[in-house]
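Chains here go by letter, A, B, C, D and E, matching the order in which they are written, and residues are numbered from 1 within each.
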Amino acid sequence: MSAGTTSVLLLALPAAAAVLCACLRSARAAHAVAAAAMLVATLLAVPMAVEVVGSGAVVVGPHATWLDLGRFTLGVGTMVDPTGAVLAAIVALLATVVLVFNAWYMHDEPLAARFPWQFCLFAAAMQGVVLADNLFLLFCCWELVGLGSYLLIGFWFDRPAAADDAGYQARKGSGARGVLEHRLSPSHAQWKAFVMNRVGDAGFLVGIGALLAVSLQTGAEGDVLSFARLAALPTADLSAASLFGLSGESLLVLAALGLFCGAVGKSAQFPLLGWLPDAMQGPTTASSILHAATMVAAGVFLVARCLPLFPPDALAVVGWLGAFTCLFAASIACVQWDLKAVLAWSTVSQLGLMFAGLGAGAAAGGGEAAVAHLFTHAFAKCLLFLCAGAVIHGCHGHQDLARLGGLWRRMPVTAAFALAAVLALGGAPWFAGFVSKDAILAAALAAAKVPGGPGFGPFLLACAGSLLTAVYLLRWWLRIFAGRERQLEVTQAAHDPPRAVLAVLVLLVPATMAAPWTFGDWLPLPHGPEHATATTVALVLLALGSAIALVVWLLAPRAGRDLAAQLARVLRPLHTACAELWGVERAFDLLFTRGLGRGLAAVVARLDLGGERRLAALELDGAPRPLPASLDGVVDGLARGCADVGRAGALLHGGRVGVYLAIALGALALAVLVGWSA
Amino acid sequence: MTLPAPLAALPAPELALCVGLGAILLADLVPALVARRVAPWLGLAACAAAGVCLAVAPGDGAGMFAVDAIGRLARGLILALLALQLLAAAGDRRPARDVGVLAAALVALALGAGVTAAASHALPLWLGLELVALSSYALVACGGGDRRAAEAGMKFVLFGGVASAAMLFGLGHLYGATGSLDFASIGSGLAAASAAAVAPALLLAAAGIAYKLALVPLHGYAPDVYQGAPPLAVAAVSTLPKVAAAAALVRALQFVVPPAVAAPAALAAGLALVAATSLLFASFTALVQRCARRILAFSGIGHGAAVVLAAACAPQRAAVAAIAFYLLAYTAANTGALVCLALLERGPRGSDLAALAGSGRRRPWVAALLCLFVASLAGVPPLAGFLGKWGVLRLAFADLGAPALLAAAFAFVAATAIAAWSYLLIVRAVLFAGDSGPTDPREAAPLPVPLPTAVVLLLCAAATCGLGLWLDGFTAFAAVGP
Amino acid sequence: MIALVSFAASAALAVVGALLAASVRNLLHAALLLGVSLFGTAGLYLFLGQPWLACVQVVVYIGGILVLILFATLFSSDITGSGQRAPRALWFAALGTALTTALAAWRLVRGGVEALAARRGGEPVVPPAVGSTDAIGDLLLGAWFAPFFLAGVLLTVALVAAVAIVQRHRRPEVEAEHA
Amino acid sequence: MIGPLGGCIVGPLLLAAACLLLPSRLARWFALAGGLGVLGCGALLVADFAARPGADFRWLEQHDWSRAFGAAFTFGVDGPAALMLLLAGLTTAIATVAAWQQSDRPRLYHALVLVLLAALAAVFTALDLLLFYVAWEAVLLPMLPLIGLFGGEQRRYAATKFFVYTLAASVMLLAVLLLLWNSQPADGRSVAVPSVVAAAHVDPVHGTLHGLVLQGPAAAPRVHVPRGFDLRHLALQADAFAAVPLFGTTLAVLGLLAVLLACLVKLPAVPLHTWLPHAHVQAPTAVSVLLAGVLLKLGVFGLWRIGLPLFPSAAAAAAPALGALGLAGILWGAWAALGQSDLKRLVAYASVSHLGFCLLGLASGTAAGIAGALVFSFAHGLSSALLFLLVGVLYDRAHHRRADGFGGLARPMPVFAWLLLLGALAGASLPALAVFPGEFLVLTASFTAAAPFPAFAAAATLSGILSAAYLLWTVKRVAYGPLRHGEQAAFGDCDGRERAALLPVAVLLVVFGLWPKPLVDAVRPACELLAALLQGRSA
Amino acid sequence: MPEFGPDAPTGYLLVAALLFATGVFAAISRRNAIGVLIGIELMLNAAALQFAAYGRFAKSAADPQGQTAAVFVIVVAAAEAAVALALLFAVYRRTRDIDLEQNRELRS
């Protein structure tokens, strides 16, 4: 089967499974159908990936014109390149694994039958993003990915807000400051995720628009949004393109930044990152796929896909913002006490790292490095979340790092898997992260040396982020699995998932190792002179970070010691800032939700129809109606003005014949006088 | 067929109406006939005879009556309206004794209107108007009228007397300035050097016509009369005199201004000013009325003004056609609306908007028809009123170089929009108000609509709906020969 | 000279009578003063050489209408006139309107006189022919038969209308309703 | 003999008469039959245009009216008109199903709906300006009682405002109509035929253009246009209208202003929109469906049929201002919707926001933009219908429409919740749902149009955020979260009748979202022709 | 002042004009309907006088039209007065008053 056909099947299978599962009432059957479909997809995708990666060529799949608009067309079609092929395979594989895991995880969940179809929709949309051959289709699937995340995050749609949820209050991570609990609920989280993504999508649309404008102004026709055509754009003659005084090149920068804006939303980069931790309100299994391969990966993938379109100026922005997010999120992850929150912020941080790599540019090998990290991170994060899911499942929903501990005895396999994933993410030697993270640092370093590039900033920020990565990951593992059990009533019932589930999970473990990624050098990783430097730096940072984590972990139980107390005192403001998410959540809430959102909306609504008092009084005939300054009030005011004119006229009609006669005769006499003189 | 010499001085249709009037008055002396309510039918017979006469031999008196298109059209319309009024009178539930007077007054009204519409001499014009006025007073206040009807009649007669006197005063000067009261002589006098004396006198003399058309500033009586008089009387008083006055106006203009030439700018501007003022004043003032019939009165002021606007545009065939169509649409809708109101009103202040609430529940069909007529008055397509407006506006917008007419035309359009709101007040009151309230069980079953009244309503409705798209009506009316 | 004086007296009688009729408070007096004014006018008719018209004026106007009005003043609850004035503003409006009207009428008169002179073309005014009633009769039964006829109809209608209007109410329920 | 298009007008009128005269239980069937009949005609036409794209008028039908005035009952349908006809029939059918249990004066109600349908069909099929105007105003006649008789507590205020506002805005059309007629020479006028028009409309068999004989060389054909009201003939004289001086400007400019006033109020464009929330809130559910589904489209269609073709040069000059108005509508409507607590009012403001896209697309003057605007208005008919129906479902159960008076209804009413989500997502223009293609077309067209449209488009992308915010927030408030009012646990899910109204709309939303090609293909040639004319005038 | 004498039209016409203006004043300022009626009679009287005067001086010879028109005026005035008084009587019977200030039930 050709790669083109396979790519269509990869799209169609999950989509068909989604439709089929939506019709099934039985959770078990639905999971079976969905998992089977995803398994078939995996079995199709892996050989395809092997084939495409082997040939290194871009395979163009079927293409159809969706709409013909005369000057240009909008198409639907697929294409497979090595990156896409691998990512498609990873999506399929992880989806299969998560589905199987979920069948166990949700075995007593009444709504479980909903999960498979929403999940398959999600996966299908992601496959669409990965395999689309043009930006338009990618955008459509991109939006559907947003829909999938919306559905999954809001899976427990009827849960109350966290502040009102006794169960949540009992099980939440301690010291969860910075989270607006009166808002936090699955239904709010899904809304927030969708809307924040839409913020990015607005930029995405502007980017598409700018690309279209440039393309059409340079005389392009046909499917101008196809990646093949877009890739040629930077090298084309852009002198014909200009808009608002911007040259074609400037427009391309604008377009690139627009696309990146979309990626910022989807991949939860600063400042559009508030939704991702909230998305933890969804099932952990949903989080595992959302954080690994389907949702947040889309942003990185988009930028990687469009990397040829990114001029250096745009790349610098990408690099700086990514690296900043990497450090920013890592700093927050260090102080989280909710076991999933740590992972969530970790995802944000790692995505930032990927963007830092992308920002290094293709010449420095940043694209490959970032993609590689996307792959390795997907497996590790998926595994981490599934392990976290197992822990939460075993501990009856408790996710407070302060109350867990010593679980390695009760769930040794899980602990081992989690450790593998932690090491992989942290970039320990012989583990997967070691390969990809070092590549990113190397690329960033290489880019820093290029004159006119982003400079050393992104590299340094990424390094700091890497250091903290080691800290929070190790802290996370240690507080859950190592040491003594802190609260026996929380952990006593914990146990490893059943064998069948473990058998699936174990599939992911090899991917946390370095070997599969370096085998045969199939992954095109840069091996420049900076690589050695970067590797050294990374190892030092890893060691330092691990040391910090270990020291803190060891000191923490003995908080009375002077060192710990002093450290705590010194770091208190920093800690508070991190725990408060650097105020970004509150600022967002104030500025957007309350300010530009509800506040401005209330003002507009008031200016439009007036207040409730006016609206309530509308039908009362004759009664003086409040006439506030509103558009509708102006209309009523006009009407009232007309009526006032009429009232003035009616004054003449007070029933006095004398007045009538005076008007008539006076006007006649005046007319005679005037007519005479005229 | 020739009439003996003195009688031939009057046009045959009006003579037929005279005979009918005499017959009704005689029949009113025979109690048996009174009890059988024959008067309206006698009137209808006279009306039919007059119609035949009009079709066969419109006839002209000894130079005092013109035979022209507007005269034929207006008198045809007057006879048709008379027939409707007589039918409505036949369906009215008043005591038998009053019916005779009512029918006589209606016939006399039509007679006066016909004379006015046909006159080409100021004296019969004035006498016709007086006849219209006197029979109107009788209609407004005769028989079972209540206190409000009497008040309306008193105001009507006082105002009418003054208007008549003013007109006479003007006519006197016209006579002095031209030596004759004949339209043709007045026209030639105006053309001669004595124009400076004739024009103001003419203006004063036009007061009589303006008063019948209820143009601002001679509109004062209309709302009070409409409000106080019995609705059927209002239906007659608001339609027939307007038709007659409009015809007289058109004819007077035809003599004053050479035919086939547009009115001189100053005259057109003056007429346009009167029309625009009336239109705007009426539409605004109607907004604040609390009585359906007062709203219709202000509507009548506006509609009279529209006729003047058409007359100002072009004293030519097209104007005649447009005016005839406009009057046809207006009178059909207005008659229908007032007959509907007559059926819907209860009690002495029955025409108040508040009192009409719930009519839609009590008499849905009548209320619906009322709304139809009112919509036609508002000029909503595809009803006849729309095409009437269309015809007038077509003329008003014809000359892009006449700013006064264009301004008046835009005023007309604006007034249409404002007036639509005032008509909506009636619709609101009749259909939407008191819609859900409990119905008084005593009123649950109103008396059935008498057959003649139903026929009147159906005829009006048919005209209102059927004429709405009859564009060729303008062509047909323009083709009416003398 | 006598002619001029008596002419002036007639005119003064007409005008002053009218002014007083319009302004005295007592309605009865006003009606009587109207009669005075009408008499004055009749006198003017005589000077115009139109004795028949003067007769008609006296018989119809004064004999008919004025008596009717005098009779009608008896309806008025308050003929002596306290509170017979309209509201003050209206009174001033009346005055203004009347003055404007007078001005307008004066201009009309001037125009009319000029037109008359123009039409006469300088020929002198001939004293009226005796027996102008013949001409009136010819006119009424000849060229002006139609108005004559119409005037007859008009009077009939007026008569019927007046009777119909003053007819007694015979619907007690309506009467009760408005009582 | 009356053809199918005449049948679309006469048929519903006859059915309306039947409604009034025959037993009341038959009335709804008549209304449904009327709706389905027009729906069938519209569907056939759309299919025809999709299969054989063209800018021509099909199913032409002409009946004598007045030769003296050059008016005729001319009916004909181009792609956009076909789309609107389809929408009118569809919406009427849906609204009838939604009002199936109408208990208050059902005969009158259904008769009025049928009269409305006839008037709408007449607007969409008329090719004669006078006929168009008559139908345009006639729409108000049934709409007034539909709101004023069958509406909510403030229905009289709403009906009055609706009627007076829209009537006042459109009376100036009458003046324009007459000025256009009067400015034509009595014996007609010879005009050059633009080559694009000739290419699209010349009948090669008879050598005629819109029934007029072609004269002059084939390369530069001319026709002699008689005085009259035929819209196709008037459009040929567009240049002549632009040359008639009037009040210091030209007839074309004043004409466009009048058409704009009429259309922008109907559309409605901010700030002329305030009648809409009242009308929607007070109208019964099915009437809201009709109002949002078809009536607002009159504004779009009026611009398409009259404003742009008859006054292209003025329209080209006014394009930036119109685009700015469209943008203002998009943003203002969205923010106003965000601030509403009444569900119906919220949906009404969503309509205001959405119709802003239509205005933006039309103003862009590009084929894609105009096509997008037309397809968008069709899709908006579906999505707003769905949302209004759903609000109606809620109102039927709770007898109020306050958003904060609900919560957690997804538990007792899962089907309702899913449909609400679908409607909200459609309104938020999610790809794969029918609103998206239109919106995307409008945006891309604006991005690729001349300045300042790209800036408008960029600002308009904010609508994606805001629409998602207010619509999904509504879903959240109504359907998600814990059940906030205990008694609402007993609410039954959508019953069979409600589903019969809701599901077809939902299905169509998905179908046309995935496969909008027939819609776009049906309108595109006509849009390209108009765009070419507009471009030619602005250059 | 020959032009104001009995053999010139001006004097008559002036009297007519003054009578008319006086009638106008009475018609507007009177509160009692009969007062208004008196004003109307004055105005009509003025009109009749005017007709007569113009007829007398119409051409070189007197024109009977003027007089005849004046007779018509008088006749119609009589008819109108009769109807008006009948109406006043009708009002009086219903309200016991013909004061126009008291009869203002019909108004905006």
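As a convention for this text, contacts are C-beta pairs under 8 Å (C-beta built on N, C-alpha and C of every residue); 3 or more make two chains touch, one makes a residue touch a chain.
Predicted model, so just to flag it, every value in this text is computed and none were measured.
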item	value
Touch-network distance, chain A to chain E, counted in steps	1
Pair joined by more contacting C-beta pairs (A-D or A-C)	A-D
Nearest-to-centre chain - CA centroid comparison	D
Reference chain E; chain at largest CA-centroid distance	A
Chain at maximum distance from chain C, centres defined as averaged CA atoms	A
Cα-centroid distance, chain B relative to chain E, in whole angstrom	27
Centre distance in Å when chain B and chain D are each reduced to the mean of their C-alpha atoms	42
Chain C-chain E separation of Cα centroids, rounded to whole Å	4
Chain A and chain B: spacing of chain centres that average the CA atoms, whole Å	76
Chain E: positions in contact with at least two other chains	9, 13, 16, 20, 23-24, 27-31, 36-37, 39, 48, 53-55, 58-59, 65, 72, 76, 79-80, 83, 87-88, 90, 93-94, 98, 100-101, 103, 105-108
Numbers and ranges of chain A residues touching at least 2 other chains	639, 650, 653, 655-659, 661-662, 665-666, 668, 672, 676
Chain B, residues touching no fewer than two other chains	123, 127, 130, 134, 137-138, 141, 146-147, 153, 155, 158, 162, 166, 169, 173, 176, 179, 196, 200, 204, 223-224, 285, 288-289, 418, 421
Touching chain combinations (by label order)	A-B, A-C, A-D, A-E, B-C, B-D, B-E, C-E
Touching residues (chain side chain E, partner chain C) in the complex	3, 5-32, 34-35, 37-39, 41-42, 45, 48-49, 52-62, 64-65, 67-68, 70-72, 74-83, 85-90, 92-94, 96-101
Chain E contact footprint on chain B (complex, rising order)	123, 127, 130, 133-134, 137-138, 141, 145-148, 150-155, 157-158, 160-162, 164-166, 168-169, 171-173, 175-176, 179-181, 223-225, 227-228, 285, 288-289, 294
Of all residues in chain B, those that touch chain D in their complex	360, 364, 371, 375, 380-382, 386, 389-390, 393-394, 397-398, 400, 406, 409-410, 413-414, 416-418, 420-421, 424, 427-428, 431-433, 435, 468-469, 471-472, 474-475
Touch list for chain D against partner chain B, complex	65-69, 71, 108, 130, 133-135, 137-138, 140-141, 144-145, 148-149, 155-156, 159-160, 163-164, 167-168, 171-172, 174-175, 178-179, 181-183, 244-247
List of chain C residues in touch with chain E within their complex	3-4, 7, 11, 14-15, 18-19, 21-23, 27, 30-31, 34, 37-38, 41, 44-45, 47-50, 52-53, 56-57, 60-61, 64-65, 68-69, 71-73, 75-78, 83-87, 90-91, 93-95, 97-99, 101-102, 105-106, 108-109, 112-113, 116, 119-120, 123-126, 128-129, 132, 135-136, 138-140, 144, 147, 151, 154-155, 157-159, 161-163, 165-166, 178
